[in-house]
Structures are given as C-alpha cells and as structure tokens.
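Once you scroll down, you'll see the structures, which are given as structure tokens.
Shared between the two complexes below is subunit A, which pairs with subunit B and subunit C, respectively.
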Partner chain A sequence: MVLNVVSEVDEVLNIFQVKEKKHESFITRAVASLYYQLRILFEYRMAIAIDIIDITISVLIYYFVSFLISKQALSSLGYSPDYLAFAVLGISLSRYLWSSISRLAHKLSHEISEGTLESLVVADVDNLKSWLVGQIMYGFSWSSFWFVGAIIIGMILGAGISTNLLAWFQAIFVLLLTIVVHSGIGVIAAGMYIKHKELETMLFFLSVAMEFLGGVLYPISLLYNIAPLYYISLSLPFTHGLELFRRTLMDELPLLHPKMIFHMVFLIAFLPLVYLGFKVFNKYLEIAKKEGILAAY
Partner chain B sequence: MDYVIVSEDLTKIFKSKKKEVVAVDHISLKIKRGEFFGLLGPNGAGKTTYTKMLVTLLIPDEGEAWIDGFSILKEPVEVRKRVGWMMGETGGRALYWRLSGYDNLMFFARLQNVPKDVAKRRINAMIKFLGLEKDIHKLVMNYSTGMRVKLMLIRALIHNPDILILDEPTLGLDVESARNVRMLLRELVDRAKKTILFTSHNMQEVEMLCDRMAVINRGKIIFLGTPRELREKVANMKVVEIRLVEDKGVLEDIIKKLEQLPVVNGILSKEVSERNIVIRVLVTDYFTAIPEITSTLREYNIESVQRMLPTLEEAFLKLAGTEPRV
Partner chain C sequence: MRVEEVLEVIGSKESSSVSPWDKVIIAMIRRAKIRFNYKIWIVFDFANTFFMVLTYFLLAFIVKPESISQAGYGQSYFTFALIGIAVSHYVTASLRSLSITLRFEQFHGTLESVLSTPTSFIIIFLGDVLYYFLYSTAFLVLIIGIGLALNAALVINLETMLTLSILVILLVLANLPIGIISAAMVLRFKQGDPIGWLITWINNLLSGVFFPVLLLPTQLRFVSLLLPLTFSLDAIRYSLIWGANLLHSRIIRDILYMVIYIVVGYPISIKIFSIAYDSVRKRGELSAY
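Up next is the complex of A and B:
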C-alpha cells in the first residue's frame, strides 16, 4: 500500500517537474469559457424549455396584434406595410441584445454569490478579460437561438422578411456591429453590479430604454412630437441598429443608401463603448478588491 | 537569500459605516524559495485576508508584497501566473457545482493557459493519486466535502506554479487522504522545489510539515520561527494530563473541582470516550499540583496523573492569548 502511494507520488512529481511550453491563445481561453458555460446551461433543461415557449408565445402575440394595425399607418411612416415583420424584427433584436446584456450581469451576480468569481480572478491570466469575452459570446450565442427562432416563427406566420442572401449578409454585418456596441454596455452593467450589488433597477432602465424608446413596436418617428423622448431615442445605439436591421430585412436597402448612412455612422460612433466598458469594468473590479467585496458568501 | 514571498507592512482595513476592522496589521514576512511555511491563527486572525492579498484578490491599504519578485500591486497578472491558490473553508463554493469534477479542472486549466493535452495528463495523474478516478465525471454537486477539497487542490496545482498558497488543504479529508496529501505537499517542496505557504488549524500537521511558521493573531504576527522554537518558547508551560476510567456523567463535577484548585491555571482540553476521560490542565508547578489533583479526585477511578510537554496547539493558544478550548 505504502509502496503504491510512493510510486503514485513519483508519477505526480514527474509530471510537475516538466515545465511545459504554454501556447494557448486569448481566443482559445475565451472559447473555453463559452464552452463550459454552455455545458452548465444544458444542465438546466427546464430553463431551455421555457425559453422555447417564450419565443413562440411572443411572436404569436404580435401575429394577432398585427391584424389590428392598419397597413396605411405604417406606410405613411415610411415602412413596408407589414406590421408582423416590423414587430418580429423589433422584438427579436431587442430581446437578443437585452437577454445577452442581462445574461452577463446575472452571470456575474451568480459568480459573486456562489464564490466562484474569486477563483476566476485568480485563474484568468488575462485579468478576467478572456472569461468576460467568453461570457459575452455565451450570452449572444444562446440568445441567437431565441433570435433565429423568433424570425423563423414570424416567417412561418407570414411576416414579410427578406429571403435575399445579400440582404441577410448585410443584416448579419449590422447585427455583429450592434452586438459589439452593446457588449460594451453589458460589460459596464456587469462592472456596476460588482460594486453596487444592484441589478434589477439597472436592467429595468436598460430594458425601458430599448423597448420604449428604441422603436421596438412602433417607429420612433411617432415620438417626434415629444421632442425630449425623440432625441433620447436618437441617442441610443439600439435605435440605429434596429433601424438598419429593419431597413435591410424589410426594404432590402443597401448600407450606403441615404436612409442608412446616418444610422450606420451613429452606430460606429458608439464602438469606443467596448473599450470604455472594459475600462469601467476594471475600475469596478479594483474597487471590489479594495473593499473586499468580490465574494458575498 | 532567495525569497519568493516578501511582504512589507502589508495592511488591510475593512471599513463599514459602523466600524473599522484592521484585519491585517503591518505584516512583514519573507519566505524562502523551496520553503514549507505554515501560517497559524484562530478564526478571524487575518490569515485568509493576508493570503488573499498575496494572490491579488484584495488590494492592501498599506504596504506592498512581491511574489517571485513581482509586485502584487503593479504586476498582478505575473503574480497570478506563478501562484496556485486553494481557497479555504468556503472552497467547495469556488467550484461549478453543475459541472463535473473533470470539467471544472479542465475549465480552470484552460483559463490558466494550460494546453488541453498537458492539463489532461496532470489531471489523470492527480486524480489517480487522490483516489478521485471513479467520481471525476460526476457533477460536483454530488461530491462530498473531502472530494471537493481534493478537486480544489488539483486546481491549485494544474498550471504547475512554483508557489502554492493553500488555505487548510487537508480540512474535511479522511485520515488516509489527509496523509497522502501531506506526503505529496512535502515531496512537492523537497523534490519539485515548490514553495508552499499554507494556513492550518492543525498543529500536528504544521509541526510535521513546516520548515518555519508564523502565528498570527488579530492581524499581527506574534511568533515567527520553527515549530521547535515555538515549543521551546513556551517550554515553561506546565501541563498535567489526568486520565480517569469513568463515564462522561461525572465530567462536569470533575471540571468544577479542578477549577477550584489554586494550582490549576486553566483547563486546556477534555476528551471523553465511552469509559475514559482525559483532561489536560495548566498548572503553576508540578510538585504541588500533581499530589493536590490526585487527592482532590481520590473518589474517582484515576488511571494516571502525569506531567506532559505542551502540544503545539496549547503553545499557540498561550501565545495568541486565547482562552484555552475546553
């Protein structure tokens, strides 16, 4: 028995005496963070089932609402007269971004309450950046399922969404740009949670900004007569991402079209949010380390 | 001298609206490369706070520390690359309960820049040694405390760091596993030239493993030296052990009688088994204490009353000024 233990110690020591050359890349580490997060997700089968039911019901609601909306009203505001397509693209994009942002913040709150954040901070050789990027990818990859599901169900119900391949390539480009910009907001929200331990109020305001002012269910031109709301709406990156997305998949407008360029420029102007997001996150992480609030057990 | 852990006046103060608590109070410590160093202290002494600053989880309010020459304030990433950290009593929470043990290890290995094949080899060798082979693919939520402790230890070692900072690494392990872990840790120092800083409540363990040790209480170091030096420092402690063949029903009476004796300075410990009672007391001097105790307890079935050397735990309690545990 003792001999066995001794030989096993030798085996362990031999392994630890070899200094292996390390060659993992940042992206490999981020993908590992995404992969294991998905493994955890698939342990929660009920949550997946609820998401699927949620997609179907959300689209069905706007399918029935679309019968009440006059086609002329939408046309007069400069859109294709298909409210179902308008609503499906609006809610799919807003839910896509919203669930991704809130998923990151919720994930962080979970890591703090479970005590795993400290282990992550010690382990991540990229100062938590590869973990964060992995979590952002996780948020968006799982929400993609919701997004694609909503669009497919909408199309089955007759929503006039383009099937043109080029339009879809452009839509994916717009989507990626919108994701990148909003991931910065997600990282800021997550960072604020570390310090303030308050999530729901922050997420509530974000959701209001998107749903109410972002033009998810109605064109923002309807807000024109209430100037402050209209200008707040224009200042949100989501408004421009959604406008580009809709114009691409409903009207098949190219990115350089006069109706598109303003929104495109505006969205690109928000790109520094990503850099700012990581900066803010690091600042909050430092405050947490100073105050000893990385774990809440 | 080649020091790998150096702290200078390291201080941490936790502030709340009502009060300020100095958790670590100007601790200066130097630990040599290849040294097995024990950090002892009662709960709340500041051991965990001190180690958390070393692994860059907490930013000190004053002072500085260097790990293998890298500043914990200015080069935290370099510090973390060189340190393997094992969390203490709450350690089981630092794992993903909805992942298997294997996936937990692999995930942290990847975050720590360990290639998949290398991680696999290290995991396989460690789980075999620690007896986790059978359960490694089960979800961590189904693990016992001991199994989670083993997993945490493997995680601390997975990136093959030169320095290990371990908080109670044998807590919750069964006797055989604890012995194996101690053997491995000692060998890691002796043969793989690792440096280990570990905290413990187990005095025997510290005595058995550590080259040097520090006792910390209320955030300050109150002793720094070898376990032998600690024992010598408190050699003037006079301890008497009383063994009785009695059942536990009479224990309270015996304790009361002993406490009333002027020669008894305090009760250090009491152990009760089905038909035996063993009590260790601190006395003023052996020559009057032993006959007096024997006479006071003459109505009981005394097996022996004899002078003993203080255990390291008793020495530590005396240094820390803590009331002896009874």
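Up next is the complex of A and C:
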C-alpha cells in the first residue's frame, strides 16, 4: 500500500518535471491567438449588429454631406470631384489606424486588469511573438470587416471608387504596407505599456490625432490654413498611406507616377519600425518579468 | 437582540436629515468621482471633440455656402456644424446617462445593493443626469470657445445665452423619455444599450447635426420630425446665428414641439420602465447580468 502511494507520487512528480517538448508551429500558435479572439467576438452578437449599423450610418452621413461640397473646390485641390468616394476611402482606412496602433496596448491593458497576462506569459514559448501576431491579425480582420462594409455601402450609394482589378491589387498592397508600418508603432507602444501604464491615454490621443492630421475627411492641402499642423501631418506615415490609397482607387494612378513616388518612399522608410517594435517589446517584457510587474495595473 | 427588534430596524423608515436635493448632489459627486477615475475616456472624449471641430472647420472651406443659406442658417457651414457637434453631446448625455448607470451597476453586481438602499433610485438617477448635464455643458463652453477662436459667426450676448440655457434644458428634458425607455431595455434584457446607440445614430443622421434636414428625401424628412433634436437644433441655431430670442416665432414653434415630446413622453416612458423594473424584481434578476 505504502509502496503504491510512493510510486504514484513519483509518477506525478515526473509529469511535472518533464519539460514540454512538443510545440506547435509559430503560425499555428498565431492562428490560435486569432481564433480565440474571434470566438470572444462572436459571443457578442449585439456588438457585431451595432458595428453594421455604425458603418451604414457613417457612410450615409457623408453621402448627404457630399451634397454640400463644391466639386470645383475639391478638383482645384487635385482630387476627383467625388466627395463621397473621398470620405468613404478615408473612413474605411482610418479603422486600421486604431487597430494597428492602440489595440495591442488596449488588449494588454485588458489582460492585465483581468489578471490573465501572467498566465499567458507562463504558457508562452516565444516571448509572446505568436500571440502578438495573432492579435494583429485579429485587429486586421475586424478593421477589414469595417473596410469592406463601408466600401460596399459607398459604392451602392454611387461613390466613384475604381473597379479595376489592377488598381485593387495595388490598393491592397498599399493597405498592407500601411498596416505593417503602423503595427510596428503599435508593438512598440504595447511593449512600453507593460511598464508605463499611463501610455494608454497617449495612444488614444495619438490615434485620434493621426486620424485628424491624415486628412480622413478633408483634403490635406486645406491644412495650409494652420501651417504647423500641415508639416506635422506630412511627417506621419498615415497621411502618405491614405494619399496613396485614395490616388489608387479614385484616380487609378500607378505607384511609379510622380504624384505617388514621394508618398511611397516615405511609407517604406518607416518599415524598420516593425523590427524595432519587436525588439522594444522583448526588452520591456524582460524588464517586467524581472521586476515581477506583469500582473500589476 | 430579539427578532422583533431586528425587524423593526429593517422595517423602519429612514429618518435621515439629508434633504433629497443634497442626495442628488451627493449622487452627482459620486458619479463624477467614478467617471474621473477613467481619465482615458475623458481625454479621449475631449480630444475627439476638439479634432472633430477642427475637421469641420477645414471642411467648411470646400462647402458651397448657398446650401446652408437655403436652409436659413446663414452662410457659414463651420458655424452650422459647430452648433450641431456641441448640442449633440447633450443628447447623448440625456439618452444614455441612465442606461450607462444601470449597465455599470448591473455589470459590477452593485445594482441590487443600490436599489436596496432607502434612497430612491430616482434621486440617484437625477444625480447622474445632473453630472452628465454639467459635463456636456463643459463641452458646450469648450466647443463654443474653440469656435469663436476660429471665427465662427455666433451671436453671443446675454439674451442669446439665456435663450440657449432654456433651449438646452428643454432639449435634455425632451430626450430623457427615450433614455428612460432605453434604460428599461437594459434592465430587462441586460444587453449593452442598443436603443441608446440606435437613437444616437438616427439623431446624427436625421436631425440635421452635420447637414441641413432639407437635404433628406421627403420620407426621411418626415422621420426627422419625430426626433426632438431636430427642433432643438433648429431653435438653438436660429438663436446663435441670427441672435433671435425666445419670443421669435420660429423658436416658439420649436419650443412647442419640445413641450409636446415632454408631455407625451414621460407618462409612456415611466410606465415602460415600471413594467421592466417590476418584471426584473419578480424574477429575482436584479443582480444578474
């Protein structure tokens, strides 16, 4: 009897002491992170319904505002005279801004306040990289839902958005490039958030400011009226991403067109942010582990 | 202590020296303290409003002024949109304050405790409404300040400010019945605040917040007449753009419409709320969420 108990205890101890060798691939872990987040989303069906109404009403508002806009004024600023297309493309791309920059820090804040971040880190095998990528993919899926919805409703209402397949391939390339660059900023922010909790407020502010300065609802050249803001706007990657995106889907300009090259070069110059983002995140994660502040909020 | 004594203590009416008005103020301070703990939302709210005003300031440069003047609101689209943004904040406050409070207490499991206290729920609710009213007034002052700095064509004098104060109070009172119905739904179905959101969006689309109601197709224009915000906005714009006071025929017409909403809305909304409240109490679901 005593011998039996001893051998059972040894077996249990062995199980605890065995290091888990079998790890799923990076992609599988990232998809798992995306999948669990989508499962949570589909639990809140009301939130999805609210999002659909939000998309429809937002586009309808700019449909009616477009009747107020002077076509000559819009043309004189170098755009096609279709304000509905201008606004729809702006608001649809701006959704990616929030999901790329602020969502990761917001998600971390949620995990910390719910007390689940420490558990995530304990089960982690790659410094949360696959988890982060899964969360970025989730933000991308959610924003894409908004993006597709806004564009479809806009086109039904007569927005002059290109239906040329080549223009769309180029637009998707520009979109992905814009998201990747901004995700780099988001990963840096999320890393810093682990240690500096007050950053979340700043990130909200940053997203809203970028949306305003990027010219989501008005042509960026109007910012000349407040000159310092115009130059700040030019230093933001979002401004250039949106400009490329609009010129592609409204005017079907190729990437090598003189009006596009400057914006393209500027956007590509921000790409190293992605590498830097993961470096910063790792650094802050290590600091937080050493200081034992992962569960603090 | 004997059982009779305990029952007497529990059953006795509270002989508090605190007046109902003081309780409303205490409830308001309580809500303010809770809300100011979430600084992120306040910063977000202010930043959002600030950038929204700047956006419409810039957009006004490419708007045809005749489309605003045809609706009777002068030549400046910026002034038109500025008033829309400032006033719509009050509507969100009056439509959603009660449901936000209820959902918050429901979610944190404190609703039953709040409703079990000798203080009437109406007092707690009034405190919340007062908080959101003052919060929105801070927004109104901020927005008008930014607008004036950006040369919005507003007529600001004692007469228009008095007219504005009365119109804003009527606006909140006219929208509160929808807020009460929305709260009844939150209490009964424990789902976010779908009615509050829906009415907020419908208001933004159909009440002329960002564009004149005249641009809407005839059928939708008829729907806009069912929304109190349409008349509040018209009266406030008329006063702040043309300097009209409470005795102006157009403002009297708008006030009459708002009074009709108030007179018809309250009995209906209070009845609906009572039904939802009694149903939840009978089912013992006050602490469920």
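One rule holds in what follows: the second predicted complex is superposed on the first by the 262 of 297 C-alpha atoms of A that agree within 3 Å, B and C clash if a C-alpha of one lies under 4 Å from a C-alpha of the other, contacts with A are read in each partner's own complex, and residues count from 1 in each chain.
Throughout what follows, a contact is a pair of C-beta atoms (placed from the backbone, for glycine too) under 8 Å apart; a residue touches a chain by one contact, two chains touch by 3 or more.
Keep in mind the model is a prediction, meaning the values are calculated, not measured.
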Touched partner set for A:L165, first subunit B, second subunit C, both or neither: neither
According to the stated criteria, A:I57 is in contact with first (subunit B), second (subunit C), both, or neither; which is it? second
More residues of subunit A are touched by which partner: subunit B or subunit C? B
Is A:F67 in contact with subunit B, with subunit C, with both, or with neither (first, second, both, neither)? second
Where does A:L217 make contact in the superposed view: on subunit B (first), on subunit C (second), on both, or on neither? second
In the superposed arrangement, does A:L256 touch subunit B (first), subunit C (second), both or neither? neither
Residues on subunit A touched by both subunit B and subunit C none
Please give the residue numbers of subunit B that touch subunit A in the complex, ascending. 12, 14-15, 49, 52, 55-59, 61, 76-77, 80-81, 83, 85, 87, 90, 93-99, 103, 106-108, 110-115, 118, 121-122, 125-126, 128-129, 139, 155, 157, 160, 180, 183-184, 187-188, 191-192, 194
What residues of subunit C sit close enough to touch subunit A in their complex? 39-40, 43-44, 47-48, 51, 54-55, 58-59, 61-64, 67-68, 77, 191-192, 194, 197-198, 201-202, 204-205, 210-211, 215-216
Under the touch definition given earlier, write down the residues of subunit A that touch subunit C in their complex. 46-47, 49-50, 53-54, 57, 60-61, 64-65, 67-70, 73-74, 77, 83, 200-201, 204-205, 208-209, 211-212, 216-219, 222-223, 225-226
Subunit A to subunit B touching residues, read off their complex: 5, 8-9, 11-13, 15-17, 19-20, 22-24, 28-29, 32-33, 36, 39-40, 43-44, 114-116, 118-127, 130-131, 286, 289-292, 294-295, 297
